[in-house]
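When the chains are written out, they are named A, B, C and D in that same order, and each has its own residue count from 1.
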Amino acid sequence: MSLLQANDIYGGYGGADILNGASVRVEDNEIVVIIGANGAGKSTLMKAVFGLLHVRSGQVLYRGEDITNRKPEQMVGRGIAYVPQEHNVFPSLTVEENLEMGAFAIKGDLRPRLEKVFSVFPRLRERRRQDAGLMSGGERQMVAMGRALMIDPKLLMLDEPTAGLSPRLIDDTFERIREIRSLGIGVLMVEQNAKQALGVADRGYVLATGANRFEDTGKNLLDNREVAEMFLGG
Amino acid sequence: MEISGIAAYLVSFFTFVGIYAILALGLNMQWGFTGQFNIGIAGFFAVGAYTSAILTTPESPWHVGGFQHPFLVGVVGAVIASALVGLLIGAITARLRTDYLAIATIGIAETLRLVIANEGWLTNGVRGMSNIDRPFSDFFQAIGLSSAMGSLIVVAAFLAGVYFLVERARQSPWGRVLRAIREDEPATAAAGKNIGRFRLEAFVVGSAIMGLGGALYAHYFGFLSPEAFLPLYGTFLVWVMLIAGGSGNNKGALLGAVVIWTIWSGSEFVMSAGLPEGYTGYAGPLRVILIGVLLQVILITRPEGILPEKAPRAIAKGRRG
Amino acid sequence: MIRIERISKAFGGLQAVRDVSLDVEPGSITGLIGPNGAGKSTLFNIIAGLIPADTGRIYLEGQDITGRRPHRLFHQGLVRTFQVPHEFARMTVRENLMVVPPAQAGENLLQSWFRWEKVRRQESAVRDRAEDVLEFLSLDHLADERAANLSGGQKKLLDLGRTMMTDARAVLLDEPGAGVNRTLLGKISDAIQRLNRERGYTFFLIEHDMDLIAKLCNPVHVMANGGLIASGPMAEIRQNEEVREAYLGGGVSATMGASE
Amino acid sequence: MTDVYILIELLQLSIYGIVLGSILTLGAIGVSMIFGILRFAHFAHGDLITVGAYVGMGFLMMTHAPVWTALPAGMIGAAIVAVLIDQTVYKRIRRTQPVILLISSFGIGLILRSLVQVIWGPNVYSFPGGIQRPWMVWELAIIPNHLWILLAAVVIVTALHLFLTRTRIGKAMRAMSDNMDLALVTGIPAERVIMITWLLGGALAAGAGVLLGMDSRLTPTMGWNILLPVFAAAIVGGIGRPYGAIAGGMLIGLAMEISTLFLEPSYKPAVAFLIMVAVLIVRPQGIFKGAW
């Protein structure tokens, strides 16, 4: 049984559908990346899977259980964490408080979980008392991902984790994502930096106008000339 | 009650309905058309009432005045004075979000009430101003009508005039821009409209209409004291009338004034008849609770009011009819 | 028509637009493309007077319009549409259009009150114009519908229609194709081309649909990481290595060193 | 000689100002928290203050307990009232525009005021304790109750501070005020946090009410009459930022009391209003920057 399976999703904001039958699947311990031109519906698909956007037709299965259109709260309860692209930290809370918010629903001592997050992002340990709002873009992204890890997720969903980061930090971020996979977590992410993302991904999907265009291993997609063409249309 | 008693009651009833309908129309221009939140109606009402009273009353040892201008001068003065207050408030809060406008209007209303209560030389303070003449009472007496009946006729005439102007404003391109601002500010700005100007105009005109209502109240009631301008009477009832009737809809404002005033004054009868001896003092607050609960019920179940807003009838035909 | 001269804008530490200069020629349909976060929308918002630039100037037909408020730009012939359509939801489709024409006598309250006949005459002309636009966009059957009830694509058309209610010379289109189905997309692009040909509108547009860009625009400018990296006809742009890199990520060119 | 006299007068008024300021602070923090999380100006807050004061006094009348118990009793009572109002009314209209909540809260305020009149009658009450003989420190008269008021306000604000920074739900409140959408995707239960916000807002309002009652008397309009200064304090401190409300409350309280050197005391609310207007014109986001 797959960790996550979204089948034939239709949905959008208000009037027209943005998703026209997109599908995606994630297995345990797998990094799956969704790429595609701007406006192809990548982020929209993530939101639809996470219940932030009404799925008009189609099905989202998590370990075989139908979780279509569930509330985010219920998703988190099942071990699915989502990191939005922008505004993904609480600026007036300290780093540690931000992390704590990730595990809001979990009773008991959070220290072991904090330690685990700090082992992936050592920098956060140094800055644990700092207000997240005062941090750089790269550090914020760490806080956001760290917060998502606090629930010990089985599935981590990242919306453009490298947007706006410098090349060095982009490399670093992808390195962390690999590390996260090694903790036994499935990762589903949307990426602009298609080349690098496909480099770390086990599998990838290429979306166009809200539907799947290609699906293959990261490596094969990288070598696919058609995929490259697609980004510039024609 | 004998016939003449009932008649007198009806005259007073409809006079109040008329005055409140004018206030509700003024509020409709601000809130219904433009989405501006004025929760200090009582302040504009008071400015109008006192301005007209000061301009028209005979000399008194208790407060300034003695101008003894005719009724219509008082009305014009009231309209100008309340428009100026509206201009001041509107200009200060023009760029701020609705909550600030609400707080600013309530602030000005309360401040005015303090001024009225404390500046005895101006308003005779809490003792109040009296000797405010009813409009054209000599004329009405000459044709055999009571001064109360005369007031009703005058109020009705002003209401008709205000309704005409407000409704025409709503149908006009001016009103269309106001509704556009209410729906979507960035798009209205992108369509080349100076949002600040339109919003200020609506606020000032609405305030002036409220001032007119105040002047009519002063001349009908003949006596003014700060008590009359508590937020309950001056502001709250007007809001409930507009929300119940249907904000954005001028007919709704009229209907709301009739319905809510009927409930409000009817509840007085019911309570004075129904409450046991010794508990009549509770009638006031119980009536407020009744109206307050009614408002909540309307907001929850039918926020668009009895008569929801409709697009105005086109004022001109195109080629295709 | 529109001259953008050395515009820069930073938000906090992020350099959203860096030193961008370009010209939009009169009568052209000029495209602006680039990956997410390239700074296109920021540049648009600067031109439209919604956010101030840190440095640089904007000229419209030679006149300095840097930092002008949106309603003033409108009166100088520069109008815009929005990426997410901004309709006046509780007004009819026809009213949505009739709001737009400038200098309507009836927008003066005193004229509305006391010069009713004049207002009506003008209103009749405005209405005719609105009917023409509705016909042009094939929305005439929806004239009396509340705008809230239109589909996403129809709202986009209505947005475009509003620009036609004035004598605009330059129109900024923010993703005219976003969220629009194929049929309506064809209608929108036809309308843009006809307005350009028949009425001489100059268009400057952001769009993600490369096919639409290729069909409509010449030239096309490409932004990445806040800077302008290429300009030219779409066919050339497609072959440009730097553009490919920008879209696919990975390699980092000299102009693209992003800040943290 | 006159200089010394003025100085003493000024110091004396400053003491009153700090006392008033601490009362305003309690009200303003509630207004600010509610605004931060629910995005609307709560116009019934003044009457919540009144309810708290009357519940506290009612508790004393029933139990004859020591005076200080009026404070916790009033706080519990008003907290329950606030949650009930939210659950029966505000919750149902929360999804519409915030401004509808504003209208509704204006009506709720009148209902509360009238309920107080119905339950306790229009009479004026005061807390037991009678007229207190002030202590003379140098030339300054210090009323014992003022000390208690200040102390109680400090305790309440400190407790709130600890709640907001030490407990998970308190942190969640700050998180929701920062970014509602992110709080939702993080899995913070919004409805629960909103309920806690009302509990705290109501309790703080009651704190202000009981302390205000100790300082003067209880009337059905006592809360309504300080609503404007409370809003002024919240706005001057930067609405949506409860810590700013402390500074805002002190500034408004001091200004109101010191203004009596030049103005009729009954104009005190107008002074608060004018400062607020000045702040709105110069800095719409409030004077005191800084987050929660």
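To be clear about the criterion, a residue touches a chain if its C-beta (ideal position, glycine included) is under 8 Å from a C-beta of that chain, and two chains touch if they have at least 3 such contacts.
All of these numbers come straight from a predicted model, not from anything done at the bench.
Ranked by separation of Cα centres from chain C, the top chain is D. Our note on geometry: chain C versus chain D, Cα centroid distance of 48 Å, whole angstroms.
Chain B and chain C have Cα centroids lying 44 Å from one another.
Rounded to whole angstrom units, the spacing between the C-alpha centres of chain B and chain D is 31. Averaged Cα coordinates give chain A a centre that lies 56 Å from the centre of chain B.
If you draw each protein chain as a dot and join the dots that touch, you get one closed loop, with every dot joined to exactly two others.
Interfaces, counted as pairs of touching chains, are A-C, A-D, B-C, B-D.
Looking at the complex, you find that chain C touches chain A at residues 13-14, 35-37, 150-155, 175, 177-181, 208-211, 213-214, 237-238, 243-244, 247-252, 257-260. Within the complex formed with chain C, the chain A residues making contact are 12-16, 18, 37-39, 136-138, 160, 163-167, 169, 191-197, 228, 231-234.
Residues of chain D that touch chain A in their complex: 168, 171-172, 174-175, 177-179, 181-189, 291-292.
Contact residues of chain B toward chain C in the complex are 165, 168-169, 172-177, 179-180, 183-184, 186-195, 198, 201, 205, 309, 311, 314-320. The touching residues of chain B, when paired with chain D in their complex, are 35, 37, 39, 92-93, 95-96, 98-100, 102-104, 106-108, 110-111, 114-115, 117-118, 231-232, 236, 239-240, 243, 281-282, 284-286, 288-289, 291-293, 295-296, 299-300, 303.
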